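Below, chain A partners chain B and then partners chain C, in two separate complexes.
Here is the complex of A and B:
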């Protein structure tokens, strides 16, 4: 009997393996650094970090395909909950950990080149891995307390990473802005948690829901929920807390922009999905506040703000930053279309699938910007003129990213946007669907500007690239191949996304 | 049957390999690769000709389609998407046209394309793969992926290797066709939602049969949904055809595009529009088409006359051929709306015929341009002496365009007029036909005028080098195309019979109203 219990504990522990792998590689990096502090060999550090995150990504994939996190009734190995249900490992946490881990892998591989002339490499990789540990923990959080701690674990290293280019004014300024707004929204989030606790007396998600069902002070609860929405909006860079994003993404080192706009956004969304579906289900929390309506407004505003602002930018990185706000608006449909009578797994699954595809295509696009910064070709659209004459492979990958972001059927972005559209149609939220179509059409305009610059415009005099960094190239091309393969292979993504969404 | 998958796989793989190949041998490599699908599809054509001659329509009698392959792909939002391909008498000739014309266009690129050759040939092969997919796909999403997949390489081909105003032309092409795709997409999906539970897959045959079976579609904002969907899809495809008044991207794209790209654009890309009209609007919503017969026929006839008139006003040989393409596509629209055996069949035959003849014309103009570096009527004359082969073929092609008997254009136009004259669906059918026939006179007018001024008469052309005949590899593709044009003119049944059997089912139900 004891043996059986021990076995179960073991198998429960291993369910956290991806998160632990990320955290342990961060510690391993510190160890390596303390053994040879003078060593500025980027390959070793990047190798350790890359292997750690790749192992985490592969483990989540093995878990997903092995049926972990799926209830035994559905043929899986069961949902694992740990520490008195504070942490739960189900398909959704694995799905999001996969997004985070694969983005981190790409970012780390790319960083090995990007950081060639910088100091404090070990610290950089450690911070990236610690932040991703926080993000993957966030994906498993089952109580507001754990959620807050993981959120901070994800945020604090990010502040430092944004300001990593110490001698660069823009980077430091971005870091400070990010930190200030981050601190503010953390406070708002924490206050929201305390109000929810005041109203319900519970922190664990399902206990909160039960308490609400038994009748609570709806006023206090409503304000608390609204504040939690604020915290989520900050983390996902959605309106009205999106102002930090363009600054931070533009000032930060480009691989960090990729990391923040893809992995960090995904982590914010998994928090939102869990909190709002488990702790504040529509049917019980509706009395306090109609958060579906709140998200509908936020989604539409975010889509328009992001895309219209992106269309007016002159710098590629800033354009991508605003487009990433626009994409947050698309994913918000996953919550905003949860009107009564609609199949939750379809709506939420659409948002999750889009986040996964987005994780690859957006990371790839930012890493291409990192490549351009590495070459020193400048930041505006014009500076990209004629890049394809020098680097056709990377530019082909970038073209795949941009067209896939726009929703052309050249990458997984086409299907993920289509599933979002179907979600709006099936839930009868026509306005959201119309906003999605209008903004996608608009986005094609500004994404095409980059494509046009790279391929069609004539190169500036003396544009000569003779350095093709292996790490950056590997990351960009790998992201491009995956983005393309997600088009024929979208079945797998949507399958896991929908089954994970149905469990929450 | 994996034949179509093989065609797609070889061209796609070839595209990738060529794209990253060395500039020095990219041209030869791409041509060699593209000859595989060309030969393969000719063999398939032969198989079809022998065994499937009498087969029906791939949408209405899907059991009879040839080379079918059906594999589940994605389960998406309640719909089952499939990798579902197959060919019938309409798509088989168009697919063969695509592969053969691509190979010839690649050979004709050897002379004019000198920069970034690997990328050029890679994109051409990518476009070929997408075109094969467009004609073979029988699942909506698969078809749409290929449909958009044609636009992207085309955008680059015009934008990078085009003439002086290439950037403008490329963007115009891209914006026009993408907006059109979006409108068409919305139109098609309003149909899908209208059908609701009656379909579980997005296979085109299932949808076509559900719609033909008299499915109740309901209405949208007071209009019948079927009509709304028809109009949206018609707009989307009309831009691709193109017909008056959404044709303005075409002359720009043609003039700026390099010759081989013009060949593909006129030869195959325009046929995507008419093919899709036939497949979607006229097959699925035949009854709606019949209620809108007059406006549609008017658009067709207007395109015939207007395109011809515009061609009359041009000096640039490429612009002349470009505008006359609009005119020729007008005949296709007229033939389709007639809902007569020979009208619809003739329209489809016209797609093939025009693909060959306009491809030939553009190629010939390109060869002349390679040698003279001008395309302007009036800048040159008497070229017949210097380049007898090229000019001889050019003149023959022009006569083909005018509808000289024993060339494919004659058969196509006679069939179209025969059908549209007898049409019972179209009110005032003889009137429409008569006006459209007038277009032929105008065609003869501008082509003869252009011939006379540019290639006959005393030799006059100011160059600082000696203009000589074109190299063999420039002329050979012209000869092949001319032979094909004559072969189809002498024996239209090489493809007309299979077309006939494929379009007949469309008439059976549609003619009942």
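Here is the complex of A and C:
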């Protein structure tokens, strides 16, 4: 009997292994740094960070294929809930932990070259891993308290990372703006939580839903839910809290832009999915506020703002920043199309699958910008002229990323946008589908500008690259290969996404 | 016992004062103080309704909020310090090298 109980505790603890791996490798980095602070061996530090995050990504994959987080009735090993239901490990949390861990792996590998001349490398990697610990914890949060704490654990290191280039005015300005809006929105989020607590007397998601079902003060609850929408909109860089994104992504070191725009956005969305489907299910919370309608408005506004602003940019990094806002709008369809009677697993699963594909293609695109910054070729579209004559492999990968982001069938982005479109069709939200099509067509215009500059335009005089950094190349090419492989392998992704979405 | 609605009004007032400070003041340090006010408005609600409902969830969460507020200020002061070194001022409207 005791043995059985022991086994059970062990198996439930091991469900958190990916999150623990990320956190422990952050601590291991601090240890390595304190043993030999003078040497600051970039390979060793990047190796520890890379191995830790890779191990976390592999563990989540093993868990997912091994049927963890799936109820036993469906042939899985059961959903694990820990600490009195405060943390839950189901397929959705594993799915999002996989996105975060694989993005971090790519970012860490790329950073080993990007940081070659910088001090404080150990702190950099530690902060990246701590932020990713917060993001993967956010994926498992089953209570507003854990959600707030892990949101802050994800945000606070990110503020420091954006301002990492201390003597670079752009980086400091970006860090300041990111911090100001971040602090404001976390205060709004906290106040929203306190109002929900005032109305329901509970913070745990299921308990909140039960309390709402029994009847509460809808006014207080409605304002609380709206404020929580604000916190989510900030984290996912959606309108109306997207103003920090272009500044922060442009000023930050490019690997950090990749990290924030992919992993951080995914973490924000998993928070939204969980809070709104578990704590405020639309059939009970609809009396206080119709959040599906709120998300429909947000999705359409975000898509148009992101894509139209991206089309007018002169700098590649800033264009990618606005395009990442546009993609937040696409993923919001996963919530906005949840009208009555629609198949939840299909709509939500489409949003989740798009986030995974987006994680690889967007990280890759920003890491290509990191490569360009490493070479010092400049930031505008014209500066990329003729890069393909010097670096055809990296430019081919960048072409895959950009066309996949636009939704052409050269990478997984084609199928993920297609499933999103199908979700809008099946739920009868024609307006969302139309906005998706219009904006995808528009996005092809500005993505093609980069491709044209790289492959067709003549290189500027004296454009010669003599240094091909191994780490950055590895990360860009690996992201390119995965993006391409997600085209034939999309069935696996959507399979896990839909099964995870049906559980929430 | 005082009706719980009074606490809601108090916390809403504190929250609005904080928001007003953020929107009107340009000094980054005053910005930090205003954010603290907003977070403490949340704490008032949490503690008041914790007593109202007779469970400790809200009180415990308000302790976490305080801890996180302190951590946030630590990061904020660090960023304001590098802001001062680069722009020789702590005015949040000075840092405008990027424009959309």
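Odds and ends about this structure:
Note that in this section the second predicted complex is superposed on the first by the 504 of 504 C-alpha atoms of A that agree within 3 Å, B and C clash if a C-alpha of one lies under 4 Å from a C-alpha of the other, contacts with A are read in each partner's own complex, and residues count from 1 in each chain.
Please note the rule applied: contacts are C-beta pairs under 8 Å (C-beta built on N, C-alpha and C of every residue); 3 or more make two chains touch, one makes a residue touch a chain.
All figures in this text were calculated on a predicted structure; none of them were measured in a lab.
Contact with chain C, but none with chain B, is seen for A:220 once the two complexes are overlaid on the shared chain. Of the two partner chains placed around the shared chain by superposition, neither chain B nor chain C is touched by A:58. Touched residues of chain A were counted for both chain B and chain C, and C has more of them. By the touch criterion defined above, A:294 lies against neither chain B nor chain C after alignment on the C-alpha atoms of chain A. By the document's definition of touching, of the two partners only chain C reaches A:174; chain B does not.
In the superposition on chain A, A:194 makes contact with chain C only, not with chain B.
Of the two partner chains placed by the overlay, only chain B lies in contact with A:393; chain C stays clear of it.
Of the two partner chains placed by the overlay, neither chain B nor chain C lies in contact with A:44. In the superposition on chain A, A:160 makes contact with chain C only, while chain B stays out of contact range. Under the contact criterion defined above, no residue of chain A touches both chain B in one complex and chain C in the other. Interface of chain A with chain C (complex): residues 144-145, 148-149, 152, 156, 159-160, 163, 166-167, 169-170, 172-177, 179-180, 183-184, 186-188, 190-191, 193-195, 197-198, 201-203, 220, 246-247, 250-251, 309.
On the chain A side of its complex with chain B, the touching residues are 346, 350, 388-389, 392-393, 396, 403, 408-410, 414-415, 418-419, 422-423, 425-426, 437, 441, 444, 448, 452, 455-457, 487-488, 490-491, 494-495. Within the complex formed with chain A, the chain C residues making contact are 4, 8, 11, 15, 18, 22, 28, 31-32, 35, 38-39, 41-46, 48-49, 52-53, 55, 57-58, 60-61, 64-65, 68, 71-72, 75-76, 78-80, 82-83, 85-87, 92, 95-98, 100. The residues of chain B lying in touch with chain A in their complex are 19-20, 73-78, 116, 118-119, 144-145, 148-149, 152, 156, 159-160, 166-167, 170-171, 174, 178-179, 182, 186, 193.
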